[in-house]
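Below, each structure is written out as structure tokens.
Two complexes are shown next, each including subunit A; its partner changes from subunit B in the first to subunit C in the second.
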Partner chain A sequence: MSKYVIWKDHRWVYLLLIVVVSWPLLSPIGLPVPVTPSTKMAFDTVEKLPPGSLVAMSSILSGGNWPDLGPPEVAFVQHLFKKKLKIVFIGEVDETPTITETTLLPRINKYGAQYGVDYVNLGYIAGAPDVAEAAFATSLRKVISVDYVTKKPLDDLPIMKGVNTLADFKLAIHIGMAEDPVRQFYTPFKIPLLVGVYGMMGPHYIPYLDTGQLSGMIVGLRGAAEYEYLVGFVGEGLQGADALSMTHLLVAVFVVLGNVYYLYQTRDRTRKEK
Partner chain B sequence: MIDFAILSSVFLTLCVYSFVYKESMFWRFAEQTFIGLAMGYTFVLAVQQIQTVAWIPLSAGKNYLFIIPLILGFMLYARFSKKYAWISRWPMAVLIGLGTGIAMRTVIEAQIIQQISATFLPLVAPNPMRTFNNITIVVMVFCTLYFFTFTGGTGKVPDAVRKLGRYTLMLTFGAAFGATVLTRMTLFIGRFTYLWGTNQRPYLLAIGAMMLVVLAVYEKIPALFKKK
Partner chain C sequence: MSIFYKAQVPLYIASFLAVFLIVEFFIDLPILKSMSSELQSWGVVVAAFALGLGVITVTRNNYGIIKRREGNWPYFLWCLVVMFVMIGTGLIGDIGKHPSFLWLYNNAFTHLSSTMYSILAFFITTAAYRAFRARNVDAALVLIAGVFVIMTIAPIGAVIWLGFPTIGQWFLDIPNMAGMRGIIIGIGLGVLALGVRTILGYERAHLGGPGGGQQA
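What follows is the complex of A and B.
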């Protein structure tokens, strides 16, 4: 049997992976995208907010994690603009404010929103995750004096009038991990908290949904595809959904084949020993 | 007109992915370029951050208290001297103490009390699926916790409970590992989607073809010299 095992050379696996990823991107299959309860909860939480409500959007977005965290943030921000909500962006990684300006916002339909009035980028806060979040939540004016884009004092920006702590916001959204915003945003202020997390962290954070500490969650690219479907636009999530489903299928097939081969080898070895 | 931003991003991406074939000069070039760029970029951002947050308010006479973190920051560099390395322990102690203190003030409620109370579930719910889920959660939490009681008795029942706890842990680790592998796939899909974009495609095909030729020739050169 071992002579048939071509994937002993890992390069065949990579080649197969490239074929499986490229095929649905070149010719979309249109596999169904069922919406998971955590994504629906996130969507409903945003839908319930009245227009003009202030939303804090903290993020650890960077070039390296864009494929997994970028699409969830794009989906959230697109929905917030569509609902005419006011957004305050903060970055917990030094790259985040730049990525927000150069990569995130240019691909969003802002529905006529004005900088400084409907949204603002407050830049990077050092000390992530807990220290930066606690500083922003309890005394944001002590750590941020001017905004990132226009370098204007916060009092000169209409959106920041009378905003001093997280208690002045109606919703907090965090892109990254979920433990630290639960500790620094939800627990002291008890405002609804949504997160967009790495695909690998999704299973870990389900208990936070059960306790009500999270009001909703988008899990990686897959969750972004579901959210885009709910909001009604096609972004990177829906574009990559077919490729993601196909690679999941490929990995599942490899797991089964690997186990079959392992069992065969074990049985073969036992037979030889006898 | 050549777009150098796209050209460099496509070239460096292909350089990194050349590693899946084998380690080559392309991979080493991308690796060293990335480290150099990342260090330079981080350094500039750090200087900008110090300037905006601390130096400007300090020099404008708005807040003299910022002198304290600046001094603590400079004390960290004492690590480079063997004689004065002990000085760097003070800012390190402040950093660790501050971080732990801020995280700990809500960790008891957020990650212990709330999580424990979420496992106090009714074993009979109106919905049969919910009933099954609740029973599963309660049994698995109990068995997993019992797995870590090393002073308990032995026997058929305690061993069976521990075994169920072990299976629960294995299921959790399996789910985490599976999700991790699939996240890596997401990163690859993201990169591939970018490379196959309308603007990037000509660069991908041209650079990809050139790299394949160079790799093929590069591999043949040592063989040619060996023959001679």
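What follows is the complex of A and C.
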């Protein structure tokens, strides 16, 4: 039997993985994406806000984590613009302000929103995660004097008039991990907090939803696909949902086959020993 | 420099600031809030300086390896070249916005970073069938839960059988939540104990160097 076991040579597994990822991307299957409760909670929280409400959007987005964190942030930002909410972008990684301007915002329909009036990019705050978030939340004017794009003083930007702490925001969204914004945003200010997290970290943060410390959560590419469906646009989430399905299915199939082979080997060894 | 200045002074500063921030969190006095806010903005400045320190450390370490012609030294040289090219182009004109910097960032850095992250898919696929082996009852239970959760996360799971998301969600909401709550509470208590030890000067690992790193 062992001569038929292709996974002994990893190159066959890699080849198969490339095929199952590429095939649905080139020829989408259009599998349904059921919406999970955490994504629906996040969507409903944004929906409840009246137009013009101020939203803090902090992020650790970078080139490296874009495949998992980019689509959730795109989905959130697209929804915020569609709802005519005002967005203040903050970067907690040095490249976040750059990737926000070069990669994130160009793929968003801004519904006529104006820079400085409806949204602003305040750039990078060093000391991620806790130091940066605490400084932004409690004394943002002490750590940021001008915005990232136009280099104008904060007082010259209509969106920043009267904004001094996180208490002046109606909602905080964080893309990255969930523990630090719970500590620095939710606990001191008690404003609703949404997060977009890595796919592998989703199960870890479920207790925070149950306690109400998180008002909703988008989990990786899958969560982004659900959110895109709710908002009504097709982004990387829905485009990648089929590929995600096929790779997960491949992993599950290999786990089952691996165990069948393991069982066969164990019995074979026992038989030979007898 | 004496051991007092290298280990004791930083220890006293850390202890004082930690106690001050704890007191400020629980006592709502405007003067304390104002001082705490000032301290937190200092934290950002210190962290920003740490970035510069990182550049100096990388340069010194890599230069030493290149000078001694240690194994794989051309890679360390390439690392320095790329770092200084990115820093150099980034500092031209309006910081981080020069076309040459943006071209490198968008066409090289972003794609290389995404590729490094995406390579995980290959490792996970080959690791999954080797790690998830039903060697005993406990491992079999983990295996069953794992397969159900995988098929819950993959949209195709519900298409194959509606029971996959139902059972998988139960695994996530009940046993997973119970386990994670335990872990989170455990981490919280551990951090609290570590904080108290640091404030009292028993924990010195964060000081490093001679006199530091020794736990009382």
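Odds and ends about this structure:
The definition used in the following text is that the second predicted complex is superposed on the first by the 274 of 274 C-alpha atoms of A that agree within 3 Å, B and C clash if a C-alpha of one lies under 4 Å from a C-alpha of the other, contacts with A are read in each partner's own complex, and residues count from 1 in each chain.
Heads up, the rule we're going with is that a residue touches a chain if its C-beta (ideal position, glycine included) is under 8 Å from a C-beta of that chain, and two chains touch if they have at least 3 such contacts.
It should be emphasised that the depicted structure is a prediction, and the values quoted were computed from it without experimental measurement.
When the two complexes are overlaid on their common chain A, residue A:Leu17 makes contact with subunit B and with subunit C alike. When the shared chain is aligned, no partner comes close enough to touch A:Val88: not subunit B, not subunit C.
After overlaying the two complexes on the shared chain, residue contacts for A:Ile206 are found with subunit C alone; subunit B is out of touch. Look at A:Met160: by the touch rule set out above, it reaches neither subunit B nor subunit C. Once the two complexes are overlaid on the shared chain, A:Leu25 sits against subunit B while remaining clear of subunit C. Once the two complexes are laid over each other on the shared chain, residue contacts for A:Ala134 go to subunit B and to subunit C alike. Shared-chain residue A:Leu249: touches subunit C; no touch with subunit B.
By the document's definition of touching, neither partner reaches A:Ala75: not subunit B, not subunit C. Touch criterion not met for A:Leu194: it reaches neither subunit B nor subunit C. Counting contacts by the rule stated earlier, residues 10, 14, 17, 21, 66-68, 94-95, 126-127, 131, 134, 143, 199, 203-204, 207, 210, 222, 244, 247-248, 251 of subunit A appear in both its interface with subunit B and its interface with subunit C. Per the touch definition, subunit B reaches subunit A in the complex via residues 20-21, 42, 45-46, 49, 52-53, 57, 98-99, 102-103, 106-107, 109-111, 114-115, 117-118, 172, 175-176, 178-183, 185-193, 196. Of all the residues in subunit A, the ones that touch subunit C in their complex are 7, 10, 13-14, 17, 21, 31-34, 36, 62-68, 94-95, 97-99, 102-103, 125-128, 131-132, 134-135, 138-139, 142-143, 151, 199, 203-204, 206-207, 210, 222, 225, 241-242, 244-252, 254-259, 262-263. Touching subunit B in their complex are the following residues of subunit A: 10-11, 14, 17-18, 21-22, 25-26, 66-68, 70, 94-95, 123-124, 126-127, 130-131, 134, 143, 145-146, 179-180, 182-184, 186-188, 198-204, 207, 210-211, 213, 220-222, 236, 239-240, 243-244, 247-248, 251. Residue ranges of subunit C in contact with subunit A, taken from their complex: 33, 36-38, 40-41, 43-48, 50-51, 94, 96, 102, 105-106, 109-114, 116-118, 121-122, 124-126, 128-130, 132-134, 143, 146-147, 149-151, 153-159, 165, 169, 172-173, 176-177, 180-181, 184.
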